[in-house]
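The structure that follows is given in the form of structure tokens.
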Amino acid sequence: MFRYIVRRILWGIAMLFIVSAVIFLIFYILPSADPAVLRAGRNAGPQQIAAIRHVLGLDKPIYVQYLRYMRDVFLHFNFGYSYQYSVPVRQLIFNRLPATIWLVIGAVIIWLGIGISVGIISAVRRRSFVDRASMTTSLAFISAPVFWLGLVSLYLFAKDIGRFKIFDGQGSFAGASTVFEKAGAMLLPWLVLAAATAAIYARYMRASMIDTMGEDYIRTARAKGLPERTVILRHGLRSAITPIVTLIGLDVGTLLAGNAILTETVFNIPGVGRLLYQAISQSDLTTIQGITLFGAFFIVFFNLVVDIAYAYLDPRVRYS
Amino acid sequence: MRSRSRLFGVFLPGLLAVVSIGLAACGSSSNKSSSSGSSSSGGGSASSSAVSSEIAKFPPLVTAPASAKKGGDLTVLANGDVDYIDPGAAYYQPTYMIDLAVDSPLMGWPPNDTAAPQPLLAASAPTVTDGGKTITFKIKPNIHYSPPTGGGPGWSKPVVSADVKYAIERSLMPGVPNGYTTLYFADLVGLAQAQAAVKKTPTKAPNLTGITTPDSSTIVFHLSKPSSIGLIDALSLPVSAPVPAGYAAKYDAKTPTSTYGQHQLDVGPYYVQTYQAGKEIVLARNPNYTAGSDFRPAYLDKITVQEGFADENSAVRKILTGSGMINFDFDATGEALKLAAQQYPKQLTLTPGGGNRYIALNVTKPPFNNINTRKAVIAASDRLALLDTRGGLLSGGLATHFIPPGIPGYQQAGGAAGPSDLDYIQHPTGDMTLAESYMKKAGYSSGKCTGNCTVTMVSDNTPPGSNTAQVFKAQLTALGFNVQLHPVEHATMYTKFCSVVANEPNVCPNVGWVKDFNDGQAIIDVPFNGGTIAGSPTNNSNWPQLNDPAINSALESAKYITDPTQRAAEYGKIDDMIMAQAPAVPWDWDYETNVNSTNVIPVVNSFNSLDDLAFTSLK
Amino acid sequence: MSVGISDFSLEEAEAETGAVELVSGEIAARSPWELFLRRFREDKFAIAGLAFLLVVILAAIFAPLVCSLVGAPGPYRADQNALDIFGQPTGPSSAHLFGVDQIGRDVFSRVIYGARVSLIVALVSCVLTSAIGVVCGLLAGYYRGWVDTVISRTVDAFLAIPYLLLAIGLASACSFGNGCVGGLIKPGIPVVVAVITFTSWTYPARIIRGQVLSLREKEFVDASRSLGASDFRIVFKELLPNLTAPIVVFATTFLPQAILYESALSFLGVGVQPPTASWGQMIADASNNINTQWWYMLFPGLALLFTVLAFNFVGDAMTDALNPRSKRA
Amino acid sequence: MSIEERPAGAGPSGASANGAPPLIEVRNLVKHFPITRGIVFQKQIGAVKAVDDISFEVRRGETLGIVGETGCGKSTTAKLLVRLLDPTSGQIVFDGQDVGAANKDELKALHREMQMVFQDPYSSLNPRKTVGSIISEPFAIHGLLKESGERRKRVQELMDRVGLNPEHFNRYPHEFSGGQRQRIGVARAIALEPKLLVADEPVSALDVSIQAQVLNLLRGLQREMGLTLIFIAHDLSVVRHMCDRVAVMYLGKVVEVAPSDELYSFPRHPYTGALLSAVPVARPHGGRRRDRQLLTGDVPSPANPPRACRFHTRCPKAQEVCSQEEPLLELKSGHDLAACHFPLTEAEVRLRLPTGLSGTAASTNAHGTGQIADQSSSSSST
């Protein structure tokens, strides 16, 4: 188990190198704005641009730029300066991370709560009306693009423009100061972001639960005369939930890595996803690179967590 | 330079640096006489016709009402961030909103004065000697620095003249990427040597021998040419706000960028208390500021710039329906403008932005190297449809030439109607018959383009710029052209295509120019002076690449005209000369559409057409 | 697209091969195809979905005809008169069934033409993704050793890159001029297809590799080899036919994902470029004005929702029909 | 065992003349599967010694049985023989040609001469192919009988020959029972009329009632076609029925080789004795009570086999020397080659072996069927 973890960690670090190199390359060949010209400003002379290019290290060959960058990252945890904001990228990301974490954590709680309970109910009442209705509804949520769902929900429920003024609207998170205000501002984004995922989890949970409930030990538990409730919650749930763990880890990882960008865009949440999108449109290479590394880190990290959790939860797959 | 994100699309927030590129305000105004702007203060007087009637419904205040009272917090909603919080590098009109409140350059602009800068850090107007080659300032005594941004030990010594010298010197460092010093301070003695020195040691501010400080309250500028007027104007820009070398040098030594901005010391009535890039800027009262030491009344207690309001419509709606809010770097456009104008007319102000938008036709390449083809394109263009992509006639005036309302030369160039002798600009919705006749003159016997009619167009990839491009594409297609439209990010559009001489496409539909000062030169010199093309192959602002000797020499000599009337007439004439070459389709004289909550009394500073934070108050 | 393709799990795929034999074991007389059809027909939602898809496909193919039938002006004509004095679009009317967009183009026509983009992107990227994934999975699973190491590690690395970031980067890299990879990937739909394929092939590759790893241990592979069969023959004639079920299951789950993916890219402005109509991009255009211009957001969104839903219904039914152990109702 | 020591006259059927070179000759064959470990770079830290230096040969027309417990390396040997695995070292000479060194083309040609019947009739037939295409696969691979009519005719002949209804050539494997499937496998194996057939536990997955039919089919084919057969089994009773000679393997080594009559009546290696003693007897009450010598302990790991004699950890007769010195495979009595320092004595054999097996050396195929009653019906129902 220990060797396995160490190996996974080392491979994860190697992966960060590869990923950053790939991203470096892609954004290097992009026909994007020249950061030196951007920094220098409209009336800057060629001399001035050259000086800035030199200071930014943009006049060096790409591999030198990459190695320098990697050296700073791994030796000094320094992700460089944003071309766009002239502040350390690390600081930018840390500034934006709380909003994304707010978004993701709330959504995770909602989608787990809804997904798992709907999944269990559907599995227990298999082929009932409830089951069919919830599975069909879940398919509808899976089929709706999250950005459209967000816009529709704003149109219907936002306090400023909604037809039913229930939830805080776009951009309210930025101005929220207390925890309650923040949670209030996040409610609608949480629900929207959680919708599709909750639907997917419900379907998985249902499948997994049906599988589990067919196992011998469940029959044994029933035969012992345990109440059905206990059988389901104590015996069934525990092993049925194991495959879900994999999903949680991966989904949280990719969301933190910037995949919440669509939700952040629609609800105007100043998170990492939005920062990333701005950085891309600004050719802010150091910021892009920084977010990518952070994102890849999250993905690698959560993959690792998943593997370990999985080995812990299900002794059958324990690694040696 | 005034450019707000509406120029860059509603979808992408924070296109800051872009701004300094896009519509950088950069015309030099070195020879502008001190009275040249007086005819156009506020912006209404120079306008006429239907355009002025729309704009007149939403006039801005340019002085604080007598009833204005002290106190209260203001929230400024922003789409993106400032370009540079460091006053030495700031070059973005909304950033000037902050700089006007926190910095004290030698000279400054009260909201109601567009004619000439007034003394701010300077104790009085400068003394000009040596035939305009030596300028001497005395600075006010006992000015103290604010606590630094972000906290920490500050700088207790009072402001001395050497601090101003250092502020200008550091702006030559690559870590303080200032876009205008080399332009405005070009005639300063010792500039070239200083530039050479900084190239060698990029982490140390060079010594500018042209600036001397005989004593702690005196600073003297030595010029190689008698261009004192331009220099005095330039000293109203934030670059001359004092920066003590003893405090800042350690931050300036950082590579690749100076971190002084995040630890800056201010001397205005406010100071930058905290700065979180892309998120929030908090301005608080400067505890070390002596009230009444300059012309800024500073009513508000605290100003918070909240960034990240990517959707301008919702931000505008929030401002209109909320309390204690104004807008920062975005305009009310489209739906939001409609909402404000129809339901909250008292909370909307329209100010001529002193800028234009045009569609540049590359005159160096076929098919637009033929003047008749260009005239045909202008004749065919439905400029009202183009204007509709930005929100119709409330968003800007229908342009017929380049100098916009509010800038001397506008009337002389034809006013709202445009040059009367040019038939192709007379039809706001286009005239296909006329266009076809020009196409015939250009050699296309059918009146439509035949043969190799492929033209490339590089545009914004977000609305409204992308919409403008699509509408114009349809208009070109109607003339028989096969348009290949490449939408890219706004910044990329400039730095990789439209501003790179070798890469320039046939059509750049999303370009424009905004004044820095109220002067015709500031509008038409840089973007149409053919002499500038060769010197900036990758940073060219003459997008049509118009290089007409007559225009070039006219622009050159107009710089030295000091009589305001004569100067305005001359620039009006040059504007007409440019229009006669048909290098571009002017279609928008942009308005600044500022909105405020009901309890805010906004005062617009004509310097940048935005609300002046030091004059704005709450009811 | 927060969850992407995780909808399809390895476990599920692994159940497939087992299922194949079970199917056969149960009812020996019926061919798998008959069995499949019988199961599929039982699903009413799937039949409805199939019917809807048929309509969408026909509408996409005959888009010009559909537009002219209802008197719509087509997707590119900007009608200045349909804008008000603020340059704002007007809503549904007899002239414009679904209203017009920001520059006065007919939303109905654009929705119909948008179907073309969605379907073409989905189909082509699905075929390419499956093909690349299957070949890589086959090679990795069959040869193991360094081939497997290289492919599996590449897959791992791909999975560690935030895929939307990669997609945005690639899409911008290829969206200009002649495109990228020496003009092979041209701007527009080819870029979107390439991006989707590039970021998705790892999923079928992983699934297929897993399948092949267990399949290659079956004795019929040894049998074929002991007859002197070449690797090529073994991989494509022996193994591939046994992978039909997982491939079909993957493809049917992937099609709706690809449509959503395309719309997300277009929504972010890096997908299909204007003036070509795409549902995602229309929603993006509409997103700023949803308050007053609901029609511009609503109709492309509904088109997207119903199409994806129909694909999902059909896909679900196919998965079930191919996998009798399926846990769906 | 060296060729010189080969017991003369062991060939029972007489199909191949004595003195003729053997069809297949295995010399010092070794197959090690590496065990690797490492965090980033994998390094080899050991090997599973599946087959560890074995030698034997098979004469033309002969049937050689290879027996041993699961994991003793017999299936690996089978795969090495037809080069489904590459040997680590050693030689396999088939008809004068080194199988291990054959290149792609040579191997393809070799595969026309040697074929294999697999253990599991369920997984050895591609479920996605019809019986017809499975049986004609050899022709397709080798480009024979290119006309489809010709090929079909031949396939149907083969089906008929192995006892399948030729009409069924269009059916899929799942429509057949386990025994029928194994017949399909046999048909495929003999399609090219090979010289050598390696049958790797061909009946262990079948129902007891079916086993005999398949064995008889193989036996009949061998006679008819003059096949040389290598028959692998973990069940001694099956082997005896089929084979002229038997090789017993333990942990990658051949511990005893003898003509089957000799082996069954007088095994010399204690391991063989133990295996024989474990065979259940068909009529226990009719026979003499015997001392069953059951093996204790587990089979040691082939990754780390015991030193010297590999059986010494479990051998009832083991002494000091067994763990010091590896016994060589040498002639112990008659034609019996065994690798043991202390071979079984006649008395020990009598005490331990069931009468049914050891009683009459002349027990022949005639009643073999009845004896095939053992524990091996692990397969699922058809």
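The letters A, B, C and D name the chains in turn, as written, and every chain counts its residues from 1.
Everything below uses one rule, namely that a residue touches a chain if its C-beta (ideal position, glycine included) is under 8 Å from a C-beta of that chain, and two chains touch if they have at least 3 such contacts.
From a predicted model like this one, the values you see are computed outputs, not experimental measurements.
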{"item": "Topological distance between subunit B and subunit D, in contact steps", "value": "2"}
{"item": "Most distant chain from subunit B by Cα centroid", "value": "D"}
{"item": "Between B-C and C-D, the pair with more C-beta contacts", "value": "B-C"}
{"item": "Centre-of-Cα separation between subunit D and subunit C, whole angstrom", "value": "51"}
{"item": "Euclidean distance of C-alpha centroids - subunit B vs subunit C, Å", "value": "47"}
{"item": "Mean-CA-position distance for subunit C and subunit A (Å)", "value": "22"}
{"item": "Mean-CA-position distance for subunit D and subunit A (Å)", "value": "57"}
{"item": "Residues within subunit B bordering two or more other chains", "value": "311, 317, 488-489"}
{"item": "Two or more partner chains touched - positions in subunit D", "value": "none"}
{"item": "Where subunit C touches two or more other chains, by residue", "value": "172, 176-177, 284, 287, 291"}
{"item": "Of subunit C, residues touching subunit D in the complex", "value": "20-21, 24-25, 28, 218-220, 222-230, 233, 238, 241-242, 244"}
{"item": "Residues of subunit A touching subunit B in the complex", "value": "31-34, 37-49, 51-52, 54-57, 81-87, 91-92, 95-96, 160-161, 169-171, 174-175, 265, 268, 270, 274-275, 277-278, 281-283"}
{"item": "Subunit A partner contacts - residues on subunit B that touch it in the complex", "value": "1, 12-18, 20-21, 24, 26, 75, 80-81, 84-86, 89, 91, 174-175, 177-180, 182-183, 195, 198-199, 202, 255-257, 259, 261-262, 276-279, 306-311, 314-315, 317-318, 321, 488-492, 494-496, 499, 526, 535-539, 541"}
{"item": "Parts of subunit C lying in touch with subunit B, wherever the complex brings them together", "value": "76-78, 80, 83-88, 102-104, 172, 175-177, 187, 269, 273-275, 284-285, 287-289, 291-293"}
{"item": "Residue ranges of subunit B touching subunit C (in the complex, touch as defined)", "value": "10-11, 311-313, 317, 334-335, 337-339, 341, 382, 384-385, 387-395, 429, 461-464, 466-467, 470-471, 473-474, 485-489"}
